[in-house]
Each structure stands twice: as structure tokens, then as C-alpha cells.
Amino acid sequence: MGKVTINDDLCKGCGLCVNACPKKILELEKSRLNSKGYHPVVCTDQSSCIGCAFCAVQCPDTAITVER
Amino acid sequence: MGKVTINDDLCKGCGLCVNACPKKILELEKSRLNSKGYHPVVCTDQSSCIGCAFCAVQCPDTAITVER
Amino acid sequence: MAQKRVLMKGNEVIAEAALRAGCRNYFGYPITPQTEVMHYMAKKMVQIGGNFVQAESEVSAINMVYGAAAAGARVLTSSSSPGISLKQEGISYIAGAELPAVVVNIVRAGPGLGGIQPAQGDYFQATKGGGHGDYRNFVIAPASVQELYELTVEAFNIADRYRMLVMILGDGTLGQMMEPVAYRENENIETYEKPWACTGRQGRSEHNIVTSIYIEPDVLEAKNRELQDKYALIESKEVRYEAIGLEDAEIVITAFSTCSRISRNVIRQAAELGIKVGMIRPITLWPFPSKIINETAAKSSVKAFLDVELNAGQMVEDVRLAVNGKKPVYFHGRMGGNLPTQKEILDKIIKIHEGGAV
Amino acid sequence: MAQKRVLMKGNEVIAEAALRAGCRNYFGYPITPQTEVMHYMAKKMVQIGGNFVQAESEVSAINMVYGAAAAGARVLTSSSSPGISLKQEGISYIAGAELPAVVVNIVRAGPGLGGIQPAQGDYFQATKGGGHGDYRNFVIAPASVQELYELTVEAFNIADRYRMLVMILGDGTLGQMMEPVAYRENENIETYEKPWACTGRQGRSEHNIVTSIYIEPDVLEAKNRELQDKYALIESKEVRYEAIGLEDAEIVITAFSTCSRISRNVIRQAAELGIKVGMIRPITLWPFPSKIINETAAKSSVKAFLDVELNAGQMVEDVRLAVNGKKPVYFHGRMGGNLPTQKEILDKIIKIHEGGAV
Amino acid sequence: MAIVFERTTGLTDKPFHYCPGCTHGIIHRIIAETMVEMGILDSTVGVASVGCTYNSYEYFSCDMVQAAHGRAPAVATGIKRSLKDKLVFTYQGDGDLASIGTAEIIHAAARGEKICTFFVNNAVYGMTSGQMAPTTLLGQVTTTSPFGRDASYQGYPINVSELIAQLTGAVYVERVSLTDYKNVMKAKAAVKKAFEVQMSGKGFAFVEFLSTCPTNWGKEPCESLEWLKEKMIPQYPLGCFKGADLDLEVKS
Amino acid sequence: MAIVFERTTGLTDKPFHYCPGCTHGIIHRIIAETMVEMGILDSTVGVASVGCTYNSYEYFSCDMVQAAHGRAPAVATGIKRSLKDKLVFTYQGDGDLASIGTAEIIHAAARGEKICTFFVNNAVYGMTSGQMAPTTLLGQVTTTSPFGRDASYQGYPINVSELIAQLTGAVYVERVSLTDYKNVMKAKAAVKKAFEVQMSGKGFAFVEFLSTCPTNWGKEPCESLEWLKEKMIPQYPLGCFKGADLDLEVKS
Amino acid sequence: MIDFSVILAGFGGQGILSAGKMAAEAALYEGKEVSWFPSYGPEMRGGTCNCSVVISDEAIGSPVINDADVAICLNQPSMEKFENSIKPGGVLIIDSSLVHIKPKRTDIRFIPMNASDIASELGNMAFATISMLGCLSEATKCFSRDSFEASLREVLPERRHHLIPGNLEAFDKGASFAK
Amino acid sequence: MIDFSVILAGFGGQGILSAGKMAAEAALYEGKEVSWFPSYGPEMRGGTCNCSVVISDEAIGSPVINDADVAICLNQPSMEKFENSIKPGGVLIIDSSLVHIKPKRTDIRFIPMNASDIASELGNMAFATISMLGCLSEATKCFSRDSFEASLREVLPERRHHLIPGNLEAFDKGASFAK
């Protein structure tokens, strides 16, 4: 139903989207640093995404695009 | 009952005391300029003075001394 | 005299000249002895639909100037010494962002609250120090009400031409006195495109930015070099001064504004005593007329310079820099709002002429 | 080395030195790169029962300084370039009212918001222009963290001794760097009676007044003359500088603070190339060491001067005034927060030595 | 006969330079009288500001510091912090306090600075020849609102006492006038209370005086008092905005 | 599938330099989105101030002027007066607006200047490394209140919206937060309304955003939002302080 | 005529500044260079005030006068202050209705005239200073009666032209003191 | 030793600044002149940061380094930036757990060491930079292990002295890379 795309280069691994997602399908990738030195967020289960954009609205770095 | 003394050199002829006096016994001396170039106030009738100090309290230049 | 001459106060003439130069934005804060600039503007701007804002402070006023200039408008503010000190941060910003603006300082005696009488104690502030960082203001020093008019109009042209702040450095004498002024029918208003101005994008593909911060040292250094290049250009092109009697002068007076007027009479008196005195009157205090002073110093006919100011000795440093040791440079200054008398100056001239100590 | 040396940031050393000098009043407003002065004070003042007030602005901070100084207290404020510009009115008032106070300017690159890297672009502002009117600040330029400590203590003594504002002109390098500092056991704190201070009359027959306004020109002029006399006294007594290798130098570098450190290494490198380079490092920027420069310029061994600064050329004017045409004075400057490299300076030295254009 | 009113020793001998009928003089006097009556003349430092009263330091006989335009609260802060056991007051006009000095007064109040501010609101810049002040009334003609203050062009008057009363650090805020005996006495009581608040260490005390400027209002002194009553008071109602019921046991 | 959320063209392509989780980014975005949605991106001039967002001119894609610390309302006044048909907003932090810029914001509001101010209250000086702001809470530890803000030494927090609402010229004043979807949407509605107020020519519009500074609060981003809810909102209640019922027929 | 200078001095409110301006206007009408410069005492209103008027055939040096050709004094403090600022051979004109002392100097021409009385006779106190301008004109020829009249016509707004005859009458009465 | 210079660079939060300070402290303990100077990128947090440490037997010139004797890099951007700032014959030390590229230059000594791995083995990520200081000490002798240990004892508050053995272990592990 929904789809999130995360711009890895913009993500600062703040975790605000992780908290905001009602489906709890976002997670910081603790094992990896992105080009800026942060642990970026990933979607662990795209199929559960409802496209509510709660994540994107909460992202301070507009790293998330949402489709529905 | 009361007595007002006006310091001629301090008086600027503003008339606030004239207005304030309940006995209406103060008056600007229109015919005379004091050393500062103002028409100073005079008491026209010391005997009517009740020493209420309404005049002195209203005088911005502390030109009036009141006795009772 | 083609145009009719009318008697007006210097301060009012500044305001009238600005209006004639197309300035429709005035932001200021009251201070003696320049309040008439404001009073005149307060009335006229309402009548012609321009903007007059009495700012809450000089700090605010100079930043309103910054805003209006960033939006591409011709804009004026005026103040006097303490108020100009408060504007120093804003002036440095205007220099950094390369914005055109005209600032009038009708100098009063300092330091601190000082007095309200005329002085020239802000020469250093206007031409060198003032705000932080390496920048220059274009500084003009008119000597009469007529010149106040002409140079105020010109100030707006220069500001736009070089995208910089032009300061008119008057003193209380000039602001408060009335003299006749003859206005031109048509002003020479130079118009410049301002593609950099922030007026709303209105279809422009790039947004415009007006700023003075460059966080990368290399970028900021390049910006500074650009500024210095601009200043060098101005120094080569825009110096203005008046020279009197340099052909055969033995003693050369340097003086600006009110002091130059008094000195002019001294020259006449000295001539009667057989002493040849000339004068170089800087009209632009920055760019400073160093070249003519240096050349004059090189003349064998010239024995010495006498610099006359309403301060403890400020422009005299620029005179000395220009003379560069070629001739002695003497100084006569008055402070606190007092003006030198012709007699005082003449006495110094005589002493210098006699080779006495000054 | 008697005392133990500890590694500390320049900014913190300023604060510690002020406390050791008996200063119990700090008023300031945050700005990079001097915030550590505040942070240190914020903690320490509470612990020792002194006063730390974060003012609402630099304008307010300098006026709090004015107030505390008027009440007879030793008082410090610190800021950086844009903040110092905002303090100019207050600084002029402090000069006019003859109050002792210490102001630190950890200079950053300008103009405008500029950048936060080190610069020396506020030399003019500190030594000449700045606020309105004829006044001087006592301006000290330390070149190391150790000197920052010693001269900060001394600044309070000088301020009290002459009832004037002492400015410590550092740059971002000095404020941000750590170097070892050895503190003295006992500070040399000079104490002066302050019978003029407004502390409440407490039985005094006359009330005290601290003011800078003198509405009568003659009175204000007399006040100005007094100030100038004081300044002349200071110029005769308080000049400080460091001289290196003037005995046989062919080329003399003039540089203060960070630039002098870099130049010191260049002197060594030049010596290796067989070029004799000396240096005059002004420690007091005002009073300026004109005399030694002038005397040095008169030496036949000296061929030229090279002035090195982190600006577009400011102190170089004072050097030229002192040299007074006796020798050429060259200039090398960097801006925007960049520092000159030893190589750049050495290259200029070589060119000057070869008689080439610079 | 005994003297019931004479010039207070809280004032020096120097005659005021103010215009005839200007109520600055009355305010000076009641502050000076209060200091004498409270026995604090010797332990008070006053701060003069910039305005017609720039040299009030020549009139008040306590120690006096002259402050830059608008900065009196900052100067007072510097004094008070370093002289904690002394009393400090500022005397400021409406241009000084409500315009250029807005930040300083708001923050002195917010900090709860232990000082008193005597604020003289005459709806105009007196000293510099009658420009509009933040407190100038709508429609009022001044040299910088020559066609009358127009809200859409020049904005609205600021009610300073009401604004200051919003700040927690301001513990006593009152507006008074000097239009007659009764009001002068009320004003004097407010001055006294302000000093008492300071002595109690509770925080910032603020008294606003509605005052006349006959010269720049272009009115005779008596007329000016009438205009003040009729025009100013409706915009600036008298009364205590904060601290009416403060418990002021004076700390010793 | 259709895009329901993507980066707005009201922002440039440049990534923000703000710390991870700093809500400055959200505020930027909703302002930018609103300009695009209202079709005013091409007719708006924004004024950046000094604070962490000093270079927000690189992010907003409308014309942008960078202002000196605290002076954005004055700069905006200069712009707006000379460009009457354009929209002008300022973006200011609490150090900028509530401390050094107190006079400028109070007077822009009092003048009823036809501009919008977006005020970001994060209870601290972000850029200069966490000093106390006028909005710092009592007890809050900052680099200049290292033992926690103590009212008797450092004074009380200032409730800026409440203060601004006192001024007649300020016609719309609202405080919002960004703690969750609903509040972000409310904040965005407030931004829109502020622009509408400006278009209506009614006066000054002011939106205060409670915002986080994870770095200087020494807290993780999510924790910071919690702290904001628990500590800041009680001191700074959300809501519309003025102009809730403004009639905004937009002048054409 | 090079830098001919007049000081007018008295209390604030006596019309000193505008009288000075009228003198300057009259001289300007003759094509002269003129300057006018005001000076106020520390008082806000009332107190002393004065202005300097300089008239010249060439560019004017200082508009502030140290040595005046003429001083016109409308009160005693002014006379005390400016008597010594008059050049030898200069003129001192006083309003003898208000100033009751005599100058100490003997090297100047002293013209006492009861200007205020004249003015109150003419029913307009503003005419006091005008009558003194008449005296100035007659005593020094620094501007003529014709120029004064012509400049009045120019400077006064139409609706106040009815005042011109009264002005001229005052002017002439003043002039008679210098004859 | 005149103006021996070390640059330490990486992301904010990696402990670059305090590692630099520890190096300076160690050298100071030996009676050397030292200076330490920080530099931050435009980011508020995160982003890059670096510091310069200069050690000398004489008064130090510039505390800001143009040509470094040693660069210690904890991330790729830093290595890219500072590789070219090393003097010929100088040393480049990198945390090979984080930086996976090789230098282009061949005129410098290149020491890759898995500092982060060492640190996580030792259970304290702060030990990554310490191990790199060990490597620095061993490779250049700009300060000795003893000085490092002694300065640690001085600088650390008593209550953190229990960390000293761990620090030394990290230091020694790092040193082994330079042997």
C-alpha cells in the first residue's frame, strides 16, 4: 500500500522517523556509517508500509520520500 | 494661618501653583520679568493662606516654601 | 547665478537633496544636531508616498537601511556621533554585503555624550576604524550648504555605482547653519541595474542572496580581495579636492569642511602680510587626496604644511602619510565644539613662517 | 621554569588571569571564538561569589561594564569583532567618563558576519576609529598564551592607573589554541584609591558624578585637552615592544601577535639563506612603538621594512608614519581567516632583499 | 509658624533647566524627598539617562552616574551587582526607555534585577525637539508625525507598565500621574514602595509617571495637565499592575 | 503509486548542516512547503538571522537576505517598506529574537509591520555552543548557567508570544510545536495563516515554534522531543494567543 | 564687504532667530553671500539664545562669530556676554525697554532703543526685533530698506502680507534711532 | 626539534580533539613547547573536525599547520584532505577499520592500523585514538611512552585513574604498528 525511499546521503540517523512510524518498520543501521559518518535508517519491511508519511513529516532532513 | 514664600529666582511663571491654590491667592506678575526672563508668581493675599502646600507640591521648580 | 538661491538649513538641504536624488526611503532616530533631516523627511515622505520610519534606535535604523538597500532601493539615514557609533556593526555588514546606502553624520563633540556643538572628531571612525574588518566607506566632506546639496545627490550615484556605503561627514556647523542654495532643474541621477537585489524571484531561475558571511576562509579571503580591488579602483578614480594657491604657496593648509572655510579667510589675511599660503581641501576624505599632497610636498616652494581640524589630530595622519617625511607637517586643532579663529590660525602661520616652534 | 606549566586554552587563561587580577565582575554576550572566556567565568564567578551576567546584547554588556566601573569595581567583558562594533558607543562613553575597564576582542575575520577564523582586521577600530570623538584605548596584543595571562593581569593595573579602557586584542588563534601557561604565586595587583567612584555618598560631603557630557564647549574642550595630556603621558611611559636582531638587520619585520610568531621562524630561515632579518613586535598597539621604529629606520644597515598582518594593511600605516619616508615599507597581508605561511613571508623577504618589486 | 514645605536636601542647590511647568521637576523632587525621608540618600546611586534630564545628576544629591541613551538599566545592573548593599535607581524618559532602551529594560525586569526604574512618560521626545515616542498617542502631532500619529504608518502606542508587568522578575509595577496634590502624593508613595521593594530583595520595581511636556505639546503648563488627564490617562490608565499586595518586610 | 511526500521545491538541493534530529529542519521544510502551496515562493523575501540557521538562505529557494544578530525585524521592515506588494518573513532563534533583538521584535510588532516572524525557541543558544537563552528554563543547565538557571542570579524565562500578544500591532500570535505529525500539521497551518495575515495587510504575524537542540541539551533526538513535551510546554503552553478569529479576506 | 557679522541675542521666545533670518534674507536679496547660525543655552525653553548672521561679498568663512561688527541685545545677560565680542568701531544695539545698563566700552557705537515699547505701541511684540533690524540697516547699510521689504514679500506667505506695512513701520521707527 | 607538527582529523565525536590534547600534554611533560589548535567544519555536530598539535624545543611559530610531519586520519574525507598536507618523508596514520583507501603519495610513510577494532576489543571506543597516539609516539618519538603515562596521571582526575592501564594497553597495541 505504501512505499518509503530513504536518501542515504541526507539521513543523519537521528531516529525521529523510527519513533514516528506507526508500523515500526524503520530502523537505524547500526553496522554501517553513511558518507557523512552517520548510521542511516532503513525500512525493514516495505510491505507493511501504509504510506502515512508520519516518518517523512517528522524527518528534519527531508531524507524520506513516500508513495502510496 | 499659613505663609508662602516664593523664591523669585527659581520661579518660571508656569502658573501650576496658581491653579493649585484653593484660595486663589497666587498670581503671575505679568508686568515684571525676573532675572530669568519669566513673569514670576506672587501671593496677593498672605492672610488668606491656609498653609496647605498645594502650591508647593505642584511647583516643578521648588520655588515655594510654605509655613504654617 | 542661473537658479534662484533660497536660504535653507544644511540639514534640510540634505533631506531635500536626497529626495531629488530619487531616495524614497528614510530610516532614522532623532539626535541633535541633525534632527531637521528627519523632520523634513517625516513631512515630505508622507506627502510623496515614500517611506519614513522613525526606528526604535540607530542600531535598528541602520539595519532597516540594510534591508531596503538589499531590496534595491535608494536609502538614507542620518545621525550624529553617538548614534553613528551604534551603527558600526551595521555599517560593516553593509560593506560586507556590498550594499549601496547613504549615511549622514552631522558630527558633534565627543567622546561619550560629549556636547552638541560642531566637531570633526569622527574622522578616524568614518575613514578607517569604525566597524570591524577591512572595509572602507566612501566619505564626503562638504564645506557649504550648496555643496551639501550637490554632494548628497552625488552620494547616491556613487553608492549605486560601487555598491557601497557613502558617508556624508558634516559637522554641527554645516547642519545647523542656513546658507543660500540653488537647486538644479534636473538632477543628474545615474541609474544602475540591480540584478543582485532581493525583490522576490519573480520568475528568476536562481534565488538571490544578500549576505556577508563566508564561512570558508578561502572564499572570505577572495571576497576581501575583491573589496580591496574595488577600493583601489575608487582611489584611482574618485578622489576629489579643492586646491588654492599651490602655484607659489610656502605654507600649505590642509583642512576640510568648516575648517577650510575659516582657513580660506586666513589665506587672504596672510597674503596681506606677504606670506604665501595655499590650501588643499579634501572633499573626499576617503579616497584621500594623497597624490596631490605628496606632489605638493615635493615642490621646493613649499616649506611646510599646517593641518587644521576640529579634533585632536586625525586627518593629519593621512596628511603625514602622504607627505611621507618630505616636509614638516604642523597641526592646529580645537575641540569640544569650539571653532578655531582666523587669528589663531594666522598666528600659527606666522610662527611657522618665522621658523619658530609651533 | 619555577612554576608548573599547565596546558590551557587562551580564552580560559584570559578568564583565569582576570580572576587572579581581582576582577569579580564579568558582563558579556556569547560570540565565537571567545565563548570559553564566558564559560569559564560563568562557573568560577558563582563559585567565588563574584558577578557573572550574560547580558542581553553586547550593547548592554558594555554598559554594565560602564556601571560596574563607575561603582569602582574591576570589570571585564569579552567579545569578538561584530560584538565589539556594537560596543563602540559604550567604549566612547567609558573614555569620556574616564572609567577603568578591560575589554577583550578575540578578532575574527570580517567585514560583516564574515567568518569565525582568526584575523587582525580590527586594528584600526581598536587603536583609532571605533567610537566617536577623540579618545584612545590602551591596546595590548599578546602573542602567546603565557603573555595573554601576564598582560591580562597587567591590563587591570593599567586600567586603574590611568582610568581608561584597556583592550586586549587577540585573534581567534590565540583564543582557541592551547599552550602551556605558568601562573605566578602572587599577582602584582596595583591598588588605587577611587575617590571619584559612585558607591553611595556614605557621609561624603559632595555627591560623586560619573558623566561624559559637558554642554559648555570650553569645559568640554578642557576635558578633551586633559585626555590628550594623559594620552601623551602614556605614550611617553608605557610603550612596549619586543625587538629581535636589530643590531645588524637588513630587513625589519613589523608584526604583532600571531603574525609575529610565524615571522620569528622566518627570521631563522632567512638567516640560513644569509639574509639578516630583524623584527619589531609591538606589544602595545597603542601607545605604538613609533620611536624605536623611527630610530631603526634611521640605521644605515636597515634597507627596508616588511609589515605582516592578518588584514589588508592597517598597522602598516602606523609603521609608515613612524618610518616617515626614511626607508621603504612593504606589506604582506592575509585575510578571511587564513594565516600567512612562513614560505610566503620568506619569499617576500627574498624579493625585497634582491631589490625586486613586491 | 513651622515650615511645612521647603526644598529637600535630596536636591542640590542648582536650579532646574527644565521648561516652565514641566513635571520632570515634580518627579525629581518627590524622589529626592523620598530618599531623604527613608534615610537612604547616602546609600543610593542614581542613574541619569539621556533626555531632558540628562544632567539630573546635577540636581539629585546622591551619587549619580550618567548613562548612554537607553542603557540606564544595564548601567544600573553593573552598579547594583557590584554594590549589592546599596540602592540603585534609573530615571528614564519614554524615548530612552521604551524606544532605544527596550531590550535593556525588558531584560533588567526579566532578570528581576534588584533596582528601581522611574519611567517618565510624556508621550514625546522632549530633549531633541518633540519627535514621536513609542508612547505618543494615535493622532498626536509631533515633529516626526507631522500629520498626527497614524497607526497604519507609525504603529501603535506601547503600554509599557502593562508589558513590564508580564515579566516574572518585575515584582512591583505602578503607573501614577502628577496632575494634582492627591496624585503627587500617590506618586510619592509609589516611589517609596519601589525603594522598599528593592530593599526587600524581591526583584525589579517600576514606576511609570505620566508627565507633561508643555513645550513640545505646544500647550501652556496648566492646559498640559488637562490634556494629560483627558487624553493620556484613557490610553494609559493609572494604577498598580503588579505587587499591590506585596509583603515587604525589609531585610536588614 | 503516487508520491504523497517528497522534498519541496521551496527548498534548494543543499543538505542542511544541522545536527541530527534538530527540528530546525522540520520548520524550514514546512515554511518552504507553505510558500510553494500558496504560490508565493516567487514573491517572498526571507530574512535569515544569526544562529544555527545563519545560512538558511542556502536552503530556502526564495530570495533571502542575511541579517545581523537580532536585527532581522529591522531588516525585514526595510525590505517590506520598499517592496509593499511582496511578502517578507524573518526566521529567528531565541537568542536572536528574545535577547539581542528584543527591541527590534517588540517595535516591529508595535508598528504593526506587515511581516511574518517565525520564532524558533529551543531554550538555548545553539550555534555558539549552548549558552543560556532568555527562554532557558529555570534549573536548566547550559554553558553559562552551569549550575542550572537560578532565578535570583539569572532571572526568569521570558514568554515571548504572550509578550508580543500585548502589542496592538501584532494581530496574530501562536505557539506551536513539532513533536508529532499532528503538531507539525498545526505548525504548518500557523505558517500559512501568518502569510495570510500579511497578505490581508492587517498587521504583524508571529509564530513561535518550540524546537529541540539535541546537541546542546545533551540528549538524543527522540529524548529531546520528550523533554520538550514534559518541560518546555508547561512553561510555554501551545496555542493561539491572538487572532484566532481574524477575518482574513485576502486583499488582492 | 567681507564677512560683516551681526550677533542677535536675548531670551528664547523673543524672536531672535527669525529676526536673524530676516536680516540674512534681506542681504541675500541683494545678491550677497549670507550665513545664519543659531546657538542655544542649556535651558530647554526660555533661557538665553542667540544667532550669528554673516554677510559678505565673497564666500563666507566661519558662520560662527568671534568678533562681531554689530551686536543686538534684548536682555541684560546677553549684553554682558556680547559687549566684549564687538570689534572696535562696531555697534551695540539694545532694547532699552528691557536692558537698563550701559556698556563699559567707549570704542563702539551704542544705540539704546526702546524696541519693546515701540512694538507694544504697534500692537505686536514681534515688531520689537523688526525695529532693531531697521536700526541695524540704517546704522551699517548691511542691507537696504528696499531689500528688507522685497525679501519680506518673498518669504512671507501671501496670507500674511497684510503684516508688511506694520513691519515696515517698525523698521522705520528703529531706523530713526541710528540716524 | 623545531615545530614538529601533527594533524589529527576525523568526524566530530571520535575524540580527535582530546587525543590531540593528550599528545600535547605528553610532550609538555617532557618540557617541550607545545600548542594545540582546533578546527571545525560548518556542521553543528557530526561533520568533520581536526586539530593541530605542534611540539618544539623553541617558541612555537604558527599553531596552525600547513605542512604536517604526521597526519592521523579517522575518516575518508580527512585522509583525502590531509594526505597532501604531509611533508615529504612524513607519516600518515589511518584507522583502517574506518578508512578503506590507500594514499596516492609514495614519499611518506603510511601506517594503516585497525584502531577501532582494537578499541572495541578493549571495550572502550575512546581507546581508538589512544592506540593511534601509541603509533605516533613509536613512529616519531615526539614524546615517549613514559611521558604519556606520567601526563595521564597528572591530567586525569584521581577517580579515573583506573582507566590508565587500559589506555596504556591501547597505546602499546598502537605502537606495535610502527615498529
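Note that the chains are named A, B, C, D, E, F, G and H in the order they appear, and that numbering of residues resets to 1 at the start of each chain.
As a convention for this text, a residue touches a chain if its C-beta (ideal position, glycine included) is under 8 Å from a C-beta of that chain, and two chains touch if they have at least 3 such contacts.
All figures in this text were calculated on a predicted structure; none of them were measured in a lab.
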Revision key, fill the gap. Any chain touching chain B and chain E at once appears in the list G
Practice item. State, to the nearest whole Å, the distance from the C-alpha centre of chain A to the C-alpha centre of chain F. Key: 26
Exercise for review: Round to the nearest whole Å and give the separation of the Cα centres of chain D and chain F.
Suggested key: 39
Check your understanding: So, what's the distance in Å between the C-alpha centres of chain G and chain A?
Key -> 86
Check your understanding: When the C-alpha atoms of chain F and chain G are each averaged to a single point, how far apart are the two points in Å?
Key -> 62
Exercise for review: Could you list which residues of chain F touch at least two other chains?
Suggested key: 18-20, 22, 54, 66, 68, 99-100, 102-103, 106-107, 111, 127, 134, 154
Exercise for review: Find every residue in chain G that makes contact with two or more other chains and list them.
Suggested key: 42, 46-47
Review point. So which bits of chain B are touching at least two other chains?
Key: 12, 38
Check your understanding: Which chains touch which?
Key -> A-F, A-H, B-E, B-G, C-D, C-E, C-F, C-G, D-E, D-F, D-H, E-F, E-G, F-H
Revision key, fill the gap. Given the complex, residues on chain B that touch chain E span 2-3, 9-10, 12-16, 18-20, 38, 51, 53-54, 56-62, 64-68
Exercise for review: Could you pull out which chain F residues touch chain D in their complex?
Suggested key: 50, 54, 66, 68-70, 95, 99-100, 102, 125, 127-129, 131-132, 134, 143-147, 153-154
Practice item. Using the touch definition up top, name the residues of chain A that touch chain H in the complex. Key: 12, 33, 36-38
Review point. In the complex formed with chain D, which residues of chain H make contact?
Key: 2-3, 21, 24-25, 28, 31, 33-38, 59-64, 66
**Study point:** Interface residues, chain C side, partner chain D - complex
**Key:** 59, 81-82, 84-86, 88-89, 92-97, 107, 109-117, 119, 121-122, 124-135, 211-225, 227-228, 311-312, 314, 317, 320-321, 324-326, 334-338
